[in-house]
């Protein structure tokens, strides 16, 4: 009823931005996966706020403690719970939010949904901070997917109106993967990268924010993954992706562009590829036909809205008096959350695909 | 595990394009809803193939028989099952599909997923024909939503590169609703409408097809509907929408355009509207904040790929011999399925929102 | 929300006793299972009313029509729907039930639950007749379990106070299986069998009914099946078993008797059995430890209440006037439904174990 | 996939007996419920080990820390997570369990299920200690049920072959409730109570254990709660009850005794009771007809097997060598867990009924 996702491998995310702790329980995670703490920390670090131009100065170490499900360096098969303490709380910053909801935030809808009982501090359970436990879960799922040689790679495909070169949907080369893996700001086209950072700086300076898109590829998936209709790959993936704060759009393969094509342009003809395998010449369908993987890379793009918190005065309504008023959101905020959203999108994809792989292969093949 | 959707009100769709029948079971539908047969038939008729320029000449009456759950003209509360007999089967047309998968169809992925046991005729369970029972379910759900004065309206927002005027996301007037309700080809801008039909005709004549987008609005929803994270309105809606064949993209509010905005442009400021209610001045978030409805219209746009079946020769692979070969898809096919997809999208939205309303209000309020 | 069960393989049962048809949709059933029509019919026949002493004279052929999911004699992997037409409706018999609920039936609770919109004829969706589609689903699941050499066998362990010899929980011999498979009235002890039939006849003659218990064994299950806590074998099985009308109790292994033992009596010590496998010397735990199968036979016993419909006058309340009144339930009714419940219990077990096997092995092992 | 339960209000239990912590996440819990810490602690204390005759001397304070979902003394509507640190770990006690599984414990099945990756210490996730977070969740759910005036009361109905007076299923008086609420060892018949404690002492002295049964009543439930077939009250309740370690049987109303009755004895005739409400004269059906509550008390009895850990040598198999061997389970263990299981059964019932009430009434009635 909200913060739980999955069928075979269920994640349940909890916590509030300024409560005692945030965390995740992962129920149904496979036993015997090496708990690679360094890898998990590196994934968490990709999401954590840093002091560069893109990010806020709130310093949360995002140090996790594993409470259960890991023993002798391996997963036990029992539920894994990890928590991250909230160490840097300035509750007083937020008291006004109970009456004056911030535009584009969930303050107002939470007020209605929970009859004003919600924890209003920092957006409570709706805070982007709740993506930290998702990244933890995703890192573990990536480790489990590695045994199938399934890998996830992504880049910032746009910031504002600046666009990166799109993925070659048919063939994402090892060079591309290596290139992106090394970058803290994963953009393929160096010029675009510079323009994007300039745009983010501009937004920062003008107390504004800017949105963007992330293109993600999942490589190594077997053909035949997913189920028809409402448990198709697109359905499963979209359920978790739209659970990430600030996501407002999602397309697979050529997505919206494909809707502007003729069938003769859009259809992906089958062929025998260089390795002698059945493949398609193009990949407008993003590796998914009828909800089921075709063996081509699964490609999807996510639209991230600009950070809702901006330093400028905005109009809002006082919920107590029912009158219009002004609000200026205090604190420091990321002018662009897209870079930090990259590992979050990947984490969500990892969680979804591990669940789908478990449905396909079972928890314990005979 | 595929064709089942929902929590409180579960739909389970069954059938294959050329099997005995297709249909749907709706478990958990509220008791005491008037079974307005004329309305349901009119919804089915909106989806049914007709003899105009957009559609194929296959004549399926789509006559449904209700097997259960309706008594004395009202729903009983027990599961409702309706079936539609397949009366017009040309199985011989399709035998070749077992070896030669059609590009952009699910023939290949079904072959892998089901180890070649799938019913290959007409795409089997993956056929667009399976949207007929979804429209039946949606029509019933619309009737149930009417008691809350929730209404769904939509228009074809693009065909190929021709675009209709977008909805005014803040205020969809009764005039707009009336206008669209009367049109068989629901486009607001008359010029765009003519250009679209011309484009569809062009595709038809050139044995090609063309895609498009549908913008849909859900009006009258209470604020506070939906749950955080993975059961947010976007998550729930996307799961069912991506279950519709040919859907490759989905965005809420301004969606991908919003990702290109600055926060100062994108944020929806709160105000007191003319009725004295809390509202927002703009609605880039599409009526959803933190996954929960704000009381503004819920607006979303769906990308529909061009009909996969086209009359031109295409490349494919013979699955038996493992060699490349040509395929020409026989039969008559819609050059553009977007008009027929309109009631399907609405039906999916109706099913999803009824389920969300039942979670909010329960099956039987005290 | 009621009549749907399962995770990987979902069954959704629909229909009302005197509606157009009853049936079941099975979503997620494995592809490529031979559709052995004769076997399914024989299972349906075990449940169908017959003209012997145990049963009513209502003659329902229980002939099913398969609408989807079967092609060329094998399951396709798409949802399987089968329906059974209701051919023998005497609706007039039941009109009084809307005001005068029958004791021990669901008439009153359905009246409240559905605000008097329920189909009252013959108990509507609550009728024992709804077990026919469950037996259909169970027969299919038995066919799927056969590939793992998993078999289900059961006997009537008591009728009234007459008890059959209990199963040897450690070793159910092929002779026992053969003996029970051949019997229309599956009781191991011939003397008990005669006493039971005499007791049923006595109940019949005195316009009364009698209950009983069924002991069921599932053989050939691998060790390691099931998940901890709420998805343990007992939890999964109990959810479906208690969904069968008239079931009021369920115990695993020695169950309630085990609760009266000392640990030194109850504990099942491990040993190496004659085949060199790890086994237990006794099986008071019924083949389940911590919710997970041990490789020993899974044994459970179900308590079936006496048929609620009896020919004697009983007290009830007129729901319109709110006053006490008498009711005599018309029609002919089984004096004992236990014999007909045997295939139903087995069917439920087959559905539950197939689902658990699919979770373990996946739909498509790599 | 194991340790998660519920539809609207989902609980997810995590932890291992000797890991860092155990706990529970409750997703979908209603907002605005007073967090009555004293009450919750008193419920936890009922389950905690004490130094009396029934219990072990392991001293776990069972002090919980709430990480999320509670703010200003009220629930926020966001997921509630509470953890209990494991402070008293003697891991060395348990190392032998990896090779020598304890009879009647889950050591062997966990070994198979998790390919020997399970945390073997103290039974890991299968430990009875995992009922502590269930009691925490149940205490919160009891607080939420109080607003509907729904109360749960229970007594030890048997220990070994000693039986308490059964509940009057039609009318559980306030005196009975008061009497039982005050007792640490809740038995109604004082003589039975003494015999039970004597039997437990006897088991303790002889390094043995003894089982028992618990009869539980849920009072104040509205009629019309529950859904047909697989979401009936019996189905929902049984799924969670059988998730409690050591539960091997469950019956509703007169249960197994009812199966030995004639219909004329068993049927609960309707009447107008003293308050002018529709009721039944008897309550053999335990307040549930067709899976739906009738407004009578819901009564169920649970069979608890004797504590698996006993101080006597037992036979087992060395999993490494595959040979039979002896095991003597070290440490101190409860000779009878039935008294401590009482609050656990109540907690499970509270969780299940709150979930059912939320399905009925919604999270936020209009």
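Order of writing sets the chain letters: A, B, C and D. Residues in each chain are counted from 1.
Quick note on the criterion: a residue touches a chain if its C-beta (ideal position, glycine included) is under 8 Å from a C-beta of that chain, and two chains touch if they have at least 3 such contacts.
The structure displayed is predicted, hence computed values, not measured ones.
Participant: With chain centres set to the mean of the C-alpha atoms, which chain is at the far end from chain A?
Facilitator: Result for the farthest chain: C.
Participant: Quick check: more C-beta contact pairs in A-D or A-B?
Facilitator: Pair with the higher count of C-beta contacts: A-B.
Participant: How many angstrom between the C-alpha centroids of chain D and chain B?
Facilitator: From the centre of chain B to the centre of chain D is 45 Å.
Participant: Determine the centre-to-centre distance between chain A and chain D, using the mean Cα coordinates as centres, and give it in whole Å.
Facilitator: Their C-alpha centroids are separated by 38 Å.
Participant: If you average the Cα atoms of chain A and of chain B to get two centres, how far apart are those centres in Å?
Facilitator: So the centroids are 26 Å from each other.
Participant: By residue number and range, which residues of chain A touch two or more other chains?
Facilitator: 1-4, 7-8, 13, 28, 78, 110, 113, 125, 224, 227-228, 359, 363-364, in rising order.
Participant: Considering the complex alone, what residue numbers of chain D touch chain A?
Facilitator: 1-4, 6-10, 12-16, 19-23, 25, 27-28, 31-32, 65-69, 71, 74-81, 83, 110, 113-115, 117-119, 121, 124-125, 363-364
Participant: Inside the complex, what are the residues of chain D that reach chain C?
Facilitator: 1-5, 13, 101, 103-106, 108-110, 112-113, 125-126, 130, 158, 160-161, 203, 208-213, 223-224, 226-232, 234-236, 238-243, 245, 247-256, 258-272, 278, 280-281, 284-286, 288-295, 303-310, 312, 314-317, 319, 322-324, 359
Participant: Spell out the part of chain D that touches chain B in their complex, as residue ranges.
Facilitator: My answer: residues 7-8, 28, 78, 148, 222, 224, 227-228, 358-366.
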